[in-house]
Amino acid sequence: MSAPFSTFELMTVAAAREIRDGEVVFAGTGLPMLAAMLAQRTHAPGCVLVFEAGGVDPRMLHLPMSVGDSRTLTGAAMAAGLMEAFTYLLQGGRIDVGFLGGAQVDRYGNINSTAVGNYLQPSVRFSGSGGAADVAALAGRTVIIARHERRRFPERVDYRTSPGWIEGGDSRARAGIRGGGPAAVVTTLGVIRFRPGTKEPYLASAHPGISPEHVQAETGFPLDLSEAGETPPPTREELEILRTTVDPEGVFLKRH
Amino acid sequence: MSAPFSTFELMTVAAAREIRDGEVVFAGTGLPMLAAMLAQRTHAPGCVLVFEAGGVDPRMLHLPMSVGDSRTLTGAAMAAGLMEAFTYLLQGGRIDVGFLGGAQVDRYGNINSTAVGNYLQPSVRFSGSGGAADVAALAGRTVIIARHERRRFPERVDYRTSPGWIEGGDSRARAGIRGGGPAAVVTTLGVIRFRPGTKEPYLASAHPGISPEHVQAETGFPLDLSEAGETPPPTREELEILRTTVDPEGVFLKRH
Amino acid sequence: MIDKVISLEEAAALVPSGATVSIGGFTSQRHPTALLRALVRHGVRDLVVYCHSAGSDVDLLIGAGCVRRVEAAYLADGVFAPIAPNWRRFVEAGRLEFEDYSNAAMMARFSAGAMGLPFFPVRSMLGTDLLEKEGLSAEVRRTDPTAAPKKAAVVNCPFTGESVVLVPAIRTDLCLLHVQRASPQGLVRIEGQEFLDVQQALAADRVIVTCEELVDDEELRREPERNRIPPFAVHAVVPVPFGAHPHSVHNCYDYDPGHLALYAEAARSDDAFRAYLERFVFGPSDHAAYLEAVGGPEHLETLRARSGLGYNPELRRRP
Amino acid sequence: MIDKVISLEEAAALVPSGATVSIGGFTSQRHPTALLRALVRHGVRDLVVYCHSAGSDVDLLIGAGCVRRVEAAYLADGVFAPIAPNWRRFVEAGRLEFEDYSNAAMMARFSAGAMGLPFFPVRSMLGTDLLEKEGLSAEVRRTDPTAAPKKAAVVNCPFTGESVVLVPAIRTDLCLLHVQRASPQGLVRIEGQEFLDVQQALAADRVIVTCEELVDDEELRREPERNRIPPFAVHAVVPVPFGAHPHSVHNCYDYDPGHLALYAEAARSDDAFRAYLERFVFGPSDHAAYLEAVGGPEHLETLRARSGLGYNPELRRRP
């Protein structure tokens, strides 16, 4: 029997489980930082965190609010800067897994974090790429975290900020991209993965209580549901660590 | 009346006088370091020294043996590295004057510090460029220090390691070089400068006791002697500082 | 000894309307906000602002109408403003010229400027609309000398044949930084992450540094390994304690959650933001009065960093 | 906790014949000479060595017959050897493959390798024979996978039209460094100039660090601003006091004028250098025996750096 948990908690745990012990992780602002901190405290104590603002390999005690936060430096091996993070570490091929968020995610895991509608005068303007486009291109593989609604999961993003599998097949390699591409999209409804070769998306799991058909209904492109299992719920230990150690304030995991 | 002095002392003093107060100076191994230390202790107390190995703006107490020496760090503003020195400072256009040595110097102030004879199996192989080619291309202006013998002052160097005025006229700019080019060649016999426009060399001064004709006889290309004066001798103060403060050991100014 | 210390008002007067300016720091950290508020008070207009990951520093300038164009990768203020609010409003309303790059591309552009190169190569942005779509019109590129002739260029490596993206150098008239400590002679000590401050400084013709504390040059020269900006590249030094508020300064103080929330709310409309500016920028006659307006010494003490951590572990980020 | 500490002999065994290797340090400073002597004893052959400004570190490997090719900008040892003597002899005799670049170009090549770029731009070498003349033959470029396909390429900037030189990235199998302090977990602290050690390390698949002193990881993490190589890039750590002798290590000891003079004299001929190797490399069974052979503790004490200066102000560089 597992304890009750929120969707964000489930997502954080699912994302954390994408990290393997010993990997070097490029974590972005938000749930990725929670996932990385959780992974370090559970199955991947040897994973190394890298932040684009310059923090390298910290042993964080308190959740950072963003990747530039002083909290990313506690016990850190290095306090460097953007040049070191982006060139020596990311582009140098030293990042195993990168975490990305985004306002829109499309069929091939391409992400829009720039604008919806006309680019020059959009209906919604977002923060912009930050390092996301770079992580998407250059990390060994990426994990995407997103809110799952039909308008946020279109066939094609309005603006391709961060490259996923581009148009599927070998289109990513043909675009000249060297890094690995999206391994998983952890959403508010389930976990999507991509077929080797074709890079077509399939539903790997729906979250407890969510039907695969509901996930498809909230998705603007066809999703192979044939292998959809149920996302394993958080363990009591994972929830305990998340709530009491990783984000006791509810900075990202609001509890009210 | 001036005190007796050696040729190297005279050369060091002549080179030091090429530095103006407040300038940023890229100093190479050997007499350039003596010249820069002397200039700081005489007419240019505000000149700033930069060494390619990473020492920036030191207040040196003891003469370094080379540009990587710990002695270039005493009281320094920065202990950086080659990347900072070559990109941010030199290529970034922040160096006013660079000092260069060389085994051969030709009519247009091009320098060979690589090899004499066939490049692949030379009769004499030297140390190689080091940072000299970079300083020659990118400093605001350069001062060259060389031993003056006919075989060392050919019409054309065997190997052009460091660009001077290339083939005269506007050939340097046409080669795509942005930095300033040689202002003076301080030799064991005199000081050579270059005409604006044509970049033809002329003898600005012969050292005391040396005739302009002797300088020409030791030079493998025609030298305009029409304006040759006499190199002003070191002052007692300059000699005193050189001998007791800058190089009391005789590291470069051997006295035996 | 050269003394480069000037007042905040003198520093603001060094920034003319129409200047190209880069601003140091990263999202909610170490921006020279006191200097930016002084610029707003001075009525500076038409700035071309270059940054990478900005927060309510650049957002303030946008909202106050000081900015003609922003070239950036990201504008947000942590959980308080996942999208910088004035930025969002101004772009959606077509009131701002802008150009989007990735953070690595902005890093590359500033590095090129700092290194005396006309471009810098990066491997990212291939296969994205960051390459395909341009914010600046052909007209602007032709007529505005501050605009790069092209957004980027894809070339083949002459050695391997691989596709590489070249991005154009940024050179600015001014770079504005806030750091922990500086000497009157312009030697700068950054604690914690460097962000892109060094490259931004060296890509500028003039660097103005505001600092928490003025210290002796000799003290900073005792650890030359920790100084990354040559003092002769720095033109002016302004001591301004709490000069980055409401943002954080590692080892000095944390960001101010209450003020960031208040800012984010105010910047959602022109009217509310005008009131914010009145209250916190035009109203207070100087930085000391600003610090009073945001809560005074007692409040600021609640932000103080704990030694050994660099931030305040007691800080509550959620109300 | 990972422990990366191994012995000097184990470290030498990690370097196979034929490997591509870069060596840290600069002329007479901070080269990993104890490790290089161990390589010579191990009979390593056919190394392809990449450096910028080397001294009697690379010169020793050349003279001992370990090197197939050197790509470098400069080989000398201060006033003791204005031209590295084995380097000079081997090149003049046609016994060594080599390629000349400037120091900025070697900096650029290592930076490209460290940054994951296939090339790096520089503005120097235009108008010089560094661009016009190649050390490597077309045959070598075609058949040797360690050779770059071209020495360099001149391109026009797509933004400004200016001529810029692109130089090919260096990636090596190994990078060998000597530093002041390192932790068993591979965190490295360099004091004084960094030279090009950081870029050389990150351009390599495996980094072996020898250090004067092994220190606690926690101690080095107290000043993260001073660590420039990520510990996960370092594969092995070897504590070797006086591991750079006869070269200097800032804050630890100075270069050894007597030994450098002796070396320079010996390296002028094959016979004399064979005798040098017998006496100082093959003769001593390990590093401790080497230190005895060069004069023992009493002599080494005369090289000790004075605190606050980083070198020994009493050192006489002229006999």
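Each chain carries a letter (A, B, C and D) given by its place in the written order, and its residues are counted from 1.
Following the convention adopted for this analysis, contacts are C-beta pairs under 8 Å (C-beta built on N, C-alpha and C of every residue); 3 or more make two chains touch, one makes a residue touch a chain.
Please read all numbers here as calculations on a predicted model, not as lab measurements.
Colleague: By that same contact rule, can you tell me which chains touch chain A and chain C alike?
Modeller: Chains that touch both chain A and chain C, as defined above, are D.
Colleague: Count how many hops through touching chains it takes, at the least, to reach chain B starting from chain A.
Modeller: 2
Colleague: Distance from the CA centroid of chain A to that of chain D, rounded to the nearest Å?
Modeller: 41
Colleague: Averaging only over C-alpha atoms, locate the centres of chain B and chain D and give their separation in whole Å.
Modeller: Spacing between the chain centres: roughly 27 Å.
Colleague: Would you please write down the residue numbers of chain C that are in contact with two or more other chains?
Modeller: Where chain C meets two or more other chains at a single residue, that happens at 116-117, 123, 162, 191-192, 194, 198, 225.
Colleague: Which residues does chain A have that touch at least 2 chains other than itself?
Modeller: 55, 73, 79-80, 87, 90-91, 138
Colleague: Considering only which chains touch which, label the overall pattern as line, ring, star, complete or other.
Modeller: Graph shape here is other: it fits none of the named patterns.
Colleague: Taking the top-of-page definition of touch, could you list the pairs of chains it picks out?
Modeller: A-C, A-D, B-C, B-D, C-D
Colleague: Within their complex, state which residues of chain A touch chain D.
Modeller: The contact residues of chain A facing chain D are 24, 46, 48, 50, 55-57, 73, 75-80, 84, 87-94, 138.
Colleague: Residues of chain D touching chain A in their complex?
Modeller: 2, 114-117, 187, 198, 202, 218, 220-221, 224-225, 227-228, 230-233
Colleague: Could you please specify the touching residues of chain C with respect to chain A in the complex?
Modeller: 26-29, 52-53, 72-76, 78-79, 82-84, 87-88, 91-94, 100-105, 107, 111, 122-130, 132-133, 135, 154, 162-163, 191-199, 248, 250-251, 254-255, 305, 309-311, 313, 316-318
Colleague: So in the complex, the part of chain B that touches chain D is made up of which residues?
Modeller: Interface residues on chain B, with respect to chain D: 29, 52-55, 61-62, 65-74, 79-83, 86-87, 90-91, 114-115, 119-134, 136-138, 159-163, 166, 171-172, 175-178, 249-252, 254.
Colleague: Considering only the defined contacts, which chain D positions touch chain C in the complex?
Modeller: Touching chain C from chain D are residues 116-121, 123, 148-150, 153, 155, 157-160, 162, 164, 166, 168-169, 190-192, 194, 225-226.
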